[in-house]
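Think of it as A, B, C and D in the order they're written, each chain with its own count starting at 1.
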C-alpha cells in the first residue's frame, strides 16, 4: 500500500524526521489561503501515487497566494484526476541527498542506500555512478545498529555536524520502516539547507499489504484506486487491475492470468481487466463476473487450471452468474483441473463450449472481440480500415 | 535494583498480568479501611526487600477489618523496620504454579523456568525435583518466540485453556523483563483459581542498575537502603555495605576490599562497613572517610593497590580528611600502586605509618580494634572475660 | 534419490487439524509421504486418522523421533513463528503454503534459514512433489496427467500455470523428477538458484523447466549460474508477464517491476544469452525440451 | 607465542581520543603493542601522536588493513554498539574496559561473540597483558614489580586484587606469561574456562593462577574442566568472599550469591576436589605455586 506524500510526511513528523511546513488542500482557494499562512514562496504538489508527476507539470512553485491558487487550479484540473494538493514552503537548499530503506530478498536483510547526490532516480544513479551510492545491509533479525547509521552518514563526505544529523535521520527512517512494516521508505531529495539543517523534500513510503493487520492505523483511501471497480474488487479480496481494452480476463491463478494477458496481447487483442477468482475466491464466480461486466467488455475470457480451486464449482458459479447477470458479450471458457469432467458437463448443459487449450481459448476470444469491434464500427459507420 | 512487591505488581498490571486486588497502607488504620473496601478475607504483606518475610510472620491473613488492623500493626511494629504493607484480597486457589525469567550468562541468553508446582523456592526444587521444572532458553538477540511460550505452557500438564493463559502470561512476563531491563522477573506462586483464571500471588522484579538510564521511571526509594549512610554513599556513587562490627573498611577495588573483609574475619575482627573509594572515586577520600566515621568505628582500615587510582592522590586526600574530620579512632594505611613512594612520604609526614603488606595491616587493625573494645569494656566496667 | 524429498523423508505437519490441512495431509500420506506426526497446540492426544497430534514440534520429536521435513498449513501471520519452531528443532526442510506472509517476517525467515543452512520453501506455494515418491504440499490427485514420474526437474513461482506448463511437458512424453514451487512472494525462502544447484547434482534429473515471471531477480540469478557453468544440464524457461505494464502488481506479490529492471523480456534475454532455451509461450515448453534432449 | 596477543597483533582502539583513552593508548604503544588505528566518529583526519583516527571501524580497516584485535575505551551504554561494530568488521578479539554495561547488552554481546567464535574480554576489566610483548587495557607502568615476564598464566575477575596477588607471584620468583582480566561483571564476554583452554595449549605457560570470587559459576566451570582432564597444568586458585554475607553484592556486580550456590567456600571445595591448589589467603599464592612447580 503506497502512501501519499502527505501521509508519508505525517509519519516522518511522528518519527522526528524534519519536513517542510505544509498543509493539504482540496481546492485552489484553500491552497491559496494555506500559502498565505505558510509564507512565500510555496510549492504546490499533486497528491497522486503514480510516478512522474514532476514531468507532468503537477509540481509547481508559486511566489504569491494568487500564483498558488492558479497553480493548484491547474493541477486539480489535469487529467490525472488529482483530488488533493500539498501546499508546502519552498526551501532554498545547498545540496540534495538521498536516503532509502528497502528489502534485500537474497540476503533476507534490509538495505540502506544513501547518496550525497540526491534529487535523481536512484536506479539511474545505480547505473551511471554506482560509486556515489553508499550501501549498508541491516540484518533483519538484529535490526539497525547505531554504528551502521554513523558509518554510512560519515562516508558521504559531509561535515561532521551534518553527518551526525544524517545518522540520526537514518535511525529514525529505519524505526519507521521497521515499526510500520514498510516495503519502501525513501527520502529523495533530503535537502541540506544553508543553515546546516536537513529537511525531507519528498517522502515515499509503501506499507506491506500483508502486514496491515498489525497496523490498523492505515486504511486504503478510495482515491488510491484506478477505478471504482478496482476498489470494490479490493474490498472483496479479488486481485484486479483496470485496463481499457476489450477482453475481460476472469481467470484463476496469478501466474496463469499473467500468461493469458501475454497471449491476448500476442494475438493482437487488448485487455479490459485483469481479474483472478482462484484460490480462496473460487466460489465467487458471480461477483467476479459482475465486476467484469461493469467494464462493458467485448468478451469475457475464463481460463483456469486449478487444484484446490475446483473446476466444477467454478463452472457452476459461471452458469449461475450468466443466468443472473445475462452478460451482453460472449464468454469463452477454458476450465481444467480438479473436477474438470464434471465442469465440462455443466458448461455444455448451459450451452457453453468447454475448451481445454489455453492458446485456442485466447485466439477465439481475440477473434470474438475483433468481430464485436467491427460490428460496432459498422453500426456507428466508422471504419477500422487496416484491421484484418 | 530490587522492586517491592507492590511496585512489581503495578508493572504486572501494566503488562496485563493479572494480580489480586490490593492497595498499599502506611498505617494499621489505613490497612483496616483498605480491607473493608476490598472485602474479606485479605492478606497483609510487609513490603520489604529482604527474603524470608513469611517465616518471620510478616505475611498475615485477616478475616475482618479489625483483624487486618491488628495484623498490620504487628507487622509495622516488627524489628524489620517495615514502613508499608500491601493489603490484598486473599484468594482461594486450586494450584500454585511457578514462572520466572533470568539471565543465562554462559549462553548469553535468557532462561524461562516454569513449574506446575510453585509456592516453594525454585532452588530447592532444582535440587529435590529438577524434573518438575521446565526450562526454555530465549536467544537474547532474537527474543522470545511465541512457540516457546506455548511449548513450555503446554508441557506443564495443564488443561488446554489454562495452558493458553500461562503461555500468554509468559509472553507478557518476557515483555516486562526485556522491556524494562530486568535481571529477574518471577511469579511465585502463580495461583490457578477454581474458575480457571490465573493470578500472580507474589511478584519479584529486579531492574538492572546499569540500565536505569534507559528507565527513568524507576528511582531508588529511601526505604530500600540498610541505613542513611548507605543511601548517601549510593547518591555519591560509592559502593558501600553496612555492617555492625568494629572496623571500617575504606579500600580501593572491589576484589581487594572483599579479600580484606575475609582477612578481618579470619583474624577475629568484625567489619563496620564495606566501602570502596577506588576507580572513579579515588579523589573522594574526605567524603569516604566522613561516611566511615559516621559508624563510630574502632579502626579505619585503608588498603589500596591501584593502577589508575593513584596512591599519592589518595594519600593526600586521607591526610586532608584526617585534618578536617579529626577521627577519634586510629587509622591503618596500606597504600600501594601508582605513585606509592610519594604516597608513603605524604603519610609519614602526617604521622601515619605506611604499611605495604595487606595481612600485616589487617592484623594491626584487628589488634587495635580489640584494644579499643577492651578499653571501652574497662571504662564501662563490663568484662569481656574470654577474649584474649 | 530425488532432490529434497523421497519415500524415506520423515515429515511433520503443522496445522494438519484444520479442514484444508487434514485433507492435504491425508492426500500426502496416500501418495506415500512418510508423515510421522501432526502439531497443533492444544490438540495433543487427538489423532488425524492414525496420525498422533502434539502440542509443539519439540514434543512431537521427543515422542516420534527427529523429523527431516515439515509441511506448514499455518495462516500467514503465524508462519514466522511456526518456521522458527521447526528451525529451532533442527528440521532442515520446511515447506509453507501460507499466502500473505508479511514481508519483514519473510526476510527474517530467509535470513534464519540461510544462517542455519536449512531450506524453507515458500510461502505462497503449492509445495514440492517427487511424483511416485512423496509430496509436501497441495498437488492435484488427478496427478498422473500432469505430474507423471520422469527425469525433468521443474521449478516454478506459480500454481495454476504450473499445471498448464507441466501438462505440456507430459504431453511431450516427459515426466517430472521433482517439482519445486518456490512461491509467488517477493521474498521466497528458497530461490530458483538454490533449487537448480540441487537439480545439477541429482542423477535422476536430465533437464530442468523453470516457470518464472516478471519481478525480482531470481531468473537473473539462474542466468548467472548458467553463464558461470555452475549448471550444466539443459534448461527450458518460460517467463510470464512479457506484456505486463510497469508498476502494476500482476497477481503475485512478487510480480511487479519498476525502474526497468526485473522485466520478463529482460529476464528472457539474460537467460537466452546464458544458454537457456526460452519459450515465448507455455505451449512451446514440450518442444523445446525435446529439442534440448535431442528427442 | 603468548595467548591472545603478542607483538604482531594488529590493534585498533576505539575511544582513544578521550583523556583516559589517549593516555592508555600511548602506554599500550610504549609497551610495544602494535596499534594501527584509532576510531572516533566525527574525528577522522585527526591524529593521536602518529596514530590516524577514523570515523568507523570499517573505514579504519579499509585504510589500514584488517585488525586482529580492538581495545574499547567506550562508555558502557555505547559498548554493545562498539562491540558489534568490531564483530561485524571481522575483528576476533575485543577487550572492553567499560564498567557498567547493561546486563541485557552483555548477554547479547556474549551470544554474538560465541556465535561467531570471537572473543570479547570484559567489561569491567583492566584488560589483558603479555608482559614484554603487548597490552590491551590499563596495566601499571611500574609494571616490572608485579607483571614481570614469565611462565605463569593469570586470569582474574579483579583489578587491585590482581596487583596484590600478582606481586606475590613475582615475589616468589615467578613471572607472568599472559594476564587476562575477564572482569567483574555477572556476564563476562569471555569466561575463565575459555581462557584456561588457551593456557592449556600455550607452550609458554607452565601453570595458572586464577583469582576468582563469590558469585556466578565461572570457578565451578574451571573445576569441571580440571576434573575432566581438559586442563593438565597446575592451577593455583584464590577465591575472594569466603566470609561474604549472603544476598549482599560485594563491589563487583557479579559478586553476589543467593540460595546457597556460588559461594566462595563452595567454589574452593569444588576446585580442591578437582585437583587445584587453593589459597586461603592471597599471600599463599606464591608458596602454592612453588609447591606446584616443585621449586
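Quick note on the criterion: a contact is a pair of C-beta atoms (placed from the backbone, for glycine too) under 8 Å apart; a residue touches a chain by one contact, two chains touch by 3 or more.
The model shown is predicted, which means the values in this text are computed figures rather than measured ones.
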Partner chains shared by chain A and chain B (touch criterion as defined above): C, D
Between B-D and A-D, the pair with more C-beta contacts: B-D
Maximum centroid distance from chain D, chain identifier (CA atoms): A
For chain C paired with chain D, centre-to-centre distance based on mean C-alpha positions, whole Å: 50
Whole-Å separation of chain centres (CA-atom averages), chain A against chain D: 57
Cα-centroid distance, chain A relative to chain C, in whole angstrom: 28
Chain C: positions in contact with at least two other chains: none
Where chain B touches two or more other chains, by residue: 141
Chain contact graph, described as a line, ring, star, complete graph or other shape: other
Touch relationships between chains, expressed as pairs: A-B, A-C, A-D, B-C, B-D
Chain D residues touching chain B - in the complex, by the definition given at the top: 20, 76-77, 99-114, 126, 138-142, 156-164, 167, 184, 186-188, 191, 211, 213-214, 216-217, 221, 238, 240-245, 247-253, 255, 258-261, 264, 280-283
Touch list for chain A against partner chain D, complex: 145-147, 150-151, 154-155, 160, 163-164
In the complex, chain B residues that touch chain D: 50-51, 103-110, 121, 123, 139-141, 178, 181, 183, 208-211, 213-214, 239, 241, 243, 251-259, 261-263, 265-266, 274, 276, 278-279, 304-309, 336-338, 357-359
Residue ranges of chain C in contact with chain B within the complex: 41-42, 44, 55-59, 78, 81-82, 84-85, 88
Residues of chain B defined as touching chain A within the complex: 141-142
